[in-house]
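Consider the two complexes below, in which subunit A is the common component and subunit B and subunit C are the respective partners.
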Partner chain A sequence: MNFDFADESPKLVMLLYGLVAFVVVVGGLLLLLDAVPAWFARRREAQLVAASASGAPIPRSRTKPREGLFAVFFLLPAVLLLLIGLVVPAIRTTVLSFMDGGSDNWVGLRNYGWLFSQDEIVRVLTNTLVWVFLVPLIATTIGLLYAVLVDKARMEALAKSLIFMPMAISFVGASIIWKFVYAYRGDGQEQIGLLNQIVVSLGGEPKQWLLESPLNTLLLIVIMVWIQAGFAMVVLSAAIKAIPADIVEAARLDGVNPWQMFWQVTLPSIRPALIVVVVTISIATLKVFDIVRTSTNGNFDTNVIANEMYNQAFRYGQAGQGSAMAVFLFILVIPIVIYQIRNLRQQREG
Partner chain B sequence: MTTTTPPVAAGTQAGAKPTTAAGRVRKRLNSRTATLVSIVIAVVWTIPTFGLFISSFRPEDQIKTTGWWTFFTDPQFTLENYQDVLFGRSASSGQLASYFVNSLVITLPSVLFPLAFAALAAYALAWINFRGRDWIYIGIFALQIVPLQMALVPLLSFFSTGVNVGGITLMPAWDLADEEKFVQVWFAHTCFALPLAVFLLHNFISQLPRDLMEAARVDGATHPKIFRTIVLPLVTPALAAFGIFQFLWVWNDLLVALIFAGGGDETAPLTVRLAELAGTRGNEWQRLTAGAFVSIVVPLIVFLSLQRYFVRGLLAGSVKG
Partner chain C sequence: MAVTARPRQAIAIIGALGLALTATACGSDDDNSGNNAGSAECSAYEKYQGNDGKKVSIYASIRDAEADLLEQSWEQFVDCTGIEIDYEGSGEFEAQLQVRVDGGNAPDIAFIPQPGLLARFAEAGKLKPASADTKTMAEQNYSPDWLKYSTVGGQFYGAPLGSNVKSFVWYSPKTFKEKGWEVPTTWEQLVALSDKVAADGTKPWCVGIESGDATGWPATDWIEEFMLRTQTPEVYDQWTTHGIPFNDPKVAEAVNLAGTILKNEKYVNGGFGGVKSIATTSFQEAGTPILQNKCAMHRQGSFYANQWPEGTKVAEDGDIFAFYFPTREGSQGKPVLGGGEFTVAFADRPEVQAVQTYLASGEYANSRAKLGNWASANNKLDVANVANPIDRLSVEIFQDKTTVFRFDGSDLMPGAVGAGTFWKQMIEWINGKDTTAVLNSIESSWPK
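Moving on, here comes the complex of A and B:
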């Protein structure tokens, strides 16, 4: 055992600095906001006391702390950080997307033209579309199916935990878990990957799953579905349980059969939750990066936008092309979000 | 299978009449098919993790030559993989203990800062009257849709070259080295978490009873006082929910760490190291399996013990969305 704890101490010192900074900033802010009004209040009181003692007219307070002042201090840290960390950089990225790799010269729309002209990149875009179409569809379907199947079943909590658990695992961890399922050893050798073992025991030949396009993209999608189905299941299950019992009862008295019940009562009732789930998973899928990077590093025709954006901007030094991909990603997200907002508004009105 | 499913099916049928729509649908399917389907899904969802877990305790030559399922006929157990991957000092071993510390150091402040700042902001947006309040709220809400990819390149150059406008240096480069790079990661995680955090906490804080807040105001309590003594205790469950959310997100993050932490064992978290191992030593299963579990164990403990709060956070974020 060679682990040397002393090597770690600079990190723990940094952690200590971080925690002290936290206490100073947040505690300081609250104290300041407490102390300043108290100070004004005391001064005002002193003025009043002095005025009443001398019989002079009571001076009007000009220094009463205003509501807005509090708001400024409460909002300051968050708004400042958002400006520095998100708003300004996002604008800057948009600008960079019209410049060349070193961010020195304007190139107009050339980076965007490049997006759609390179075969490789078009492949990346197509893969991303396949991801965004399949992952929400399959994950939501499985989540819904499972939510319905285990509703009111025995050991419902345990059953749900099993499906939900992958949510706690990192995409990197999940990718390793599935890489192991997909593991390959030559024909004739004993297989160590579950999938190949199943294929072999059914009399097939073992395959290098992650090398075969387009099958490999689908197999990576399986990983994302595996992670996201639990999310869909939890949200939809909560929505199902929130359906008013009298609606169900009324439908039952009308004599609908379970299939009609599902299509005509359950599904319409949980439509809002369904939309939220699909939208959330779609956006998460658009940005998926870790799975592709860990499993295949984008090789063998499995690349997606988020991974290629990382490659362009941080590995190949093509800030312009990377930025164009980030902007494109943003543009893809917008319609999905608008759709959700419109739906929500319709619900509120209807 | 046939010997185990009927009792389960019978057991579920024996319960009270299902009152939910789903329950009624299930009752029709309830039968073996329904039970069978749900068991199949549960098994498919669990087996991959289970297989990896078993493997992480098998000796290296066993992992590499036989499937993990042979463990049941030929059980061989060792802790060597964990020993090697955590504490080994050869360059290829993983040295995960060091990265584990990094993950902890990254995660704690990255959870605390956004939580505090978001709570303050959410309170102001919900309970302080000032002009432009709605616009600021809508602005922060809308920022949720900006993919963090949009911010990475400029934020990195902000750290590494500072801010220069027209040849004038507004802010010098941070020039952080080694352990100091943690600051960059904290900063980035805090910024990226804020829109969702403000939104979620606003949902909770704005639903506190108006009477309560007004009574406190009438009693002469100032905003900081109300925030500390009334709001914080009441929204603790919401804070916990978002805290867990953010904890899992930061602990499991790869992208932000990859860009802002650097790749060395001074600052990079477990995920970065694992992704590296999976790339360069993709067949060293004894290290990958044990390593994956080292990275999974903390979030899994958090998840299993605080699942209820986590779910509450999820639902607040998505259903009210």
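Moving on, here comes the complex of A and C:
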């Protein structure tokens, strides 16, 4: 490969522009977050100094509306972005789900009827259910076990970063890595997939892992667990470390064994964190798209809602059917979100 | 969070950076105006002039090295007319084009490789009909066979651009010579050759249909080839337009005949495993075992020439070449399956029409062909300008009067079938589902 800088210079210049723009935007944002509160603080300080110098009472009442203004300043971008990025599209998607493929005519509930009459769609829904049931369960369990076992162990930081690292890889990247793990070559050929190489060296015959349903769905779930277990571990480990030392001490004095310690002290203490982890992973799992798309594109009976939604709306030109699936997915997520909010509120009150 | 102890200084620095950025961005743009317009080599572009400084955006699925060649191919046009062409290629072109059009951000021109998708945009009223100039240019340079794919409801939307021949079987001339195998010219000879190769202990065929989120498309090509070889071209047209149902016995006949190769454990899948390995072998990799003598033949389009490892000599007397996928006895003419993209416009400004007309011209076809790796059905294209032997063979087939050209059938069908259930059901078919069930399933998914 010869690389000619002169030939590539327009692209390099573009790259430079991109980098500079990134620095300007991100730097600007950080600065804004830094300078604006500092400015408010300085003004307040000046006022206090002026007030104390003149001997007048400190204008306490005037701070309240200021703080309100301050809150609005920070909330406004978030609210605006939510409106543009979430509320408006949600309404539009719902409207589209009652229209035909080209979004021209009203078809009533036909898209929803279609959703539940297709054999393949039933398959998609059951697959999604399997995902939502297994991923949070397995990922949280692994994360929890790891957090407990590694707690206060030697080389804790190293052990934790090892399991946390997959989090840094994108879903697509992770899927490509695992696709190589599952890769297949015929019997007698040189295996390029790790899993088949292990099977072959144990004297077995290579298998086409991603082809056999329902095993293939489970193998895809492994990818998601691989990514999410690190997240669960980090949050739960922090929660375990936050358990007050005197509680642990008291339990020790009462003579609990490690088993009792786990069930009666650790687990109840980290319950809120545990729920946050399960809920977060559940929502991420309901939306799973990249892994399935990259690994099998939903072939061989591995399809899930988000992938089929994209196919229907953007590849097949059936915007109505795709929107109906999106609305259905949205409805599935709502109970989890409500549970999460209730949970947060209870925590605050309790 | 204190980013810097002196916010005001930092603001000044960042502000200066931003100013510099916008200043350089403005400075670099105005280079290629039409200051060569008067020169001799620009005389061919006279009719496109008068749009100096206007911008035209083009969006297509062509990326990387091919995209560089594309931009090179209209360099002179840009120099002489002063029309700036802003090209963008995307790997998710089909889906993203829809998103851009829906979002009010349509490109001026798109190269659409699927007539089915083209028709969808045309019917939705998003495409602008081609100008009279473009239409005249296209009619002069392309056969009516080709123009009908970009004609929707009697309205002509744009000329073809690049074209490819799919009816090729790749093989190794060297190995064929060594083993005493002969290039077959009829279906019967092809079957006899396959049996002979299998008897020699080699799997005769290599097949792979994995293609990321488009997995399955290479299998639909096989079915289309057999539709053209078992039925008349008219039946083929009825099939792609749903004039006959997808589960018609005529289709089943073609699918079953394709199955005599694709689902034959003795014939496939050289270098990869059994029949089922077809589903997980990527189409890019599928043909390469020919070079290691693990299989003898690989049916794939002219564009597969780019897939061979660097240093492979693609020529009639080289390491790799392709022969025309033979017809059966009693077939009509010389059916050729192929594909290509069409230059359609979402805007009708004069400069957009000028670019559209230019891309349909013989000057453009020759200018692009000279850069290599390209073929077109443009009949002004001089074969002498086509360097690559496979592209030359393709152009010769396009210009051959006995050729009965038909466009890739799945690209003509509505997206839900052509890029959806047809692909998916072919995967199931390879994995053992029987022909009737597969065809019934596709038929039931045809949009009403």
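Assume the second predicted complex is superposed on the first by the 268 of 350 C-alpha atoms of A that agree within 3 Å, B and C clash if a C-alpha of one lies under 4 Å from a C-alpha of the other, contacts with A are read in each partner's own complex, and residues count from 1 in each chain.
In the analysis below, a contact is a pair of C-beta atoms (placed from the backbone, for glycine too) under 8 Å apart; a residue touches a chain by one contact, two chains touch by 3 or more.
Not measured: the values here are computed from a predicted model.
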Which of subunit B and subunit C A:R42 touches, first, second, both or neither: neither
Touching partner for A:R345 - first (subunit B), second (subunit C), both, neither: neither
Subunit B versus subunit C as contact partner of A:L33, first or second or both or neither: both
Which superposed partner A:L96 touches (first subunit B, second subunit C, both, neither): first
Which of subunit B and subunit C A:L211 touches, first, second, both or neither: second
Contacts of A:E67 with subunit B and subunit C, given as first, second, both or neither: first
Which superposed partner A:R271 touches (first subunit B, second subunit C, both, neither): neither
Which of subunit B and subunit C A:N311 touches, first, second, both or neither: second
When both partners are placed on the shared chain, which of subunit B and subunit C touches more of subunit A: B
Contact residues of subunit A, present in both the subunit B and the subunit C interface: 13, 21, 30, 33-34, 189, 293-294, 297, 310, 314
Residues of subunit A that touch subunit C when the two form their complex: 13, 17, 20-21, 23-24, 27-28, 30-31, 33-35, 38, 101-102, 104, 184-187, 189, 206, 208, 210-211, 293-294, 297, 299-300, 310-312, 314-318
Interfacial residue positions of subunit C with respect to subunit A in the complex: 1-4, 7, 10-11, 14, 17-18, 21, 25, 28, 94-95, 98-99, 117, 120, 123-124, 212-213, 215-216, 269, 271-274, 276-277, 279-280, 414-416, 419-420, 424, 427, 431, 447
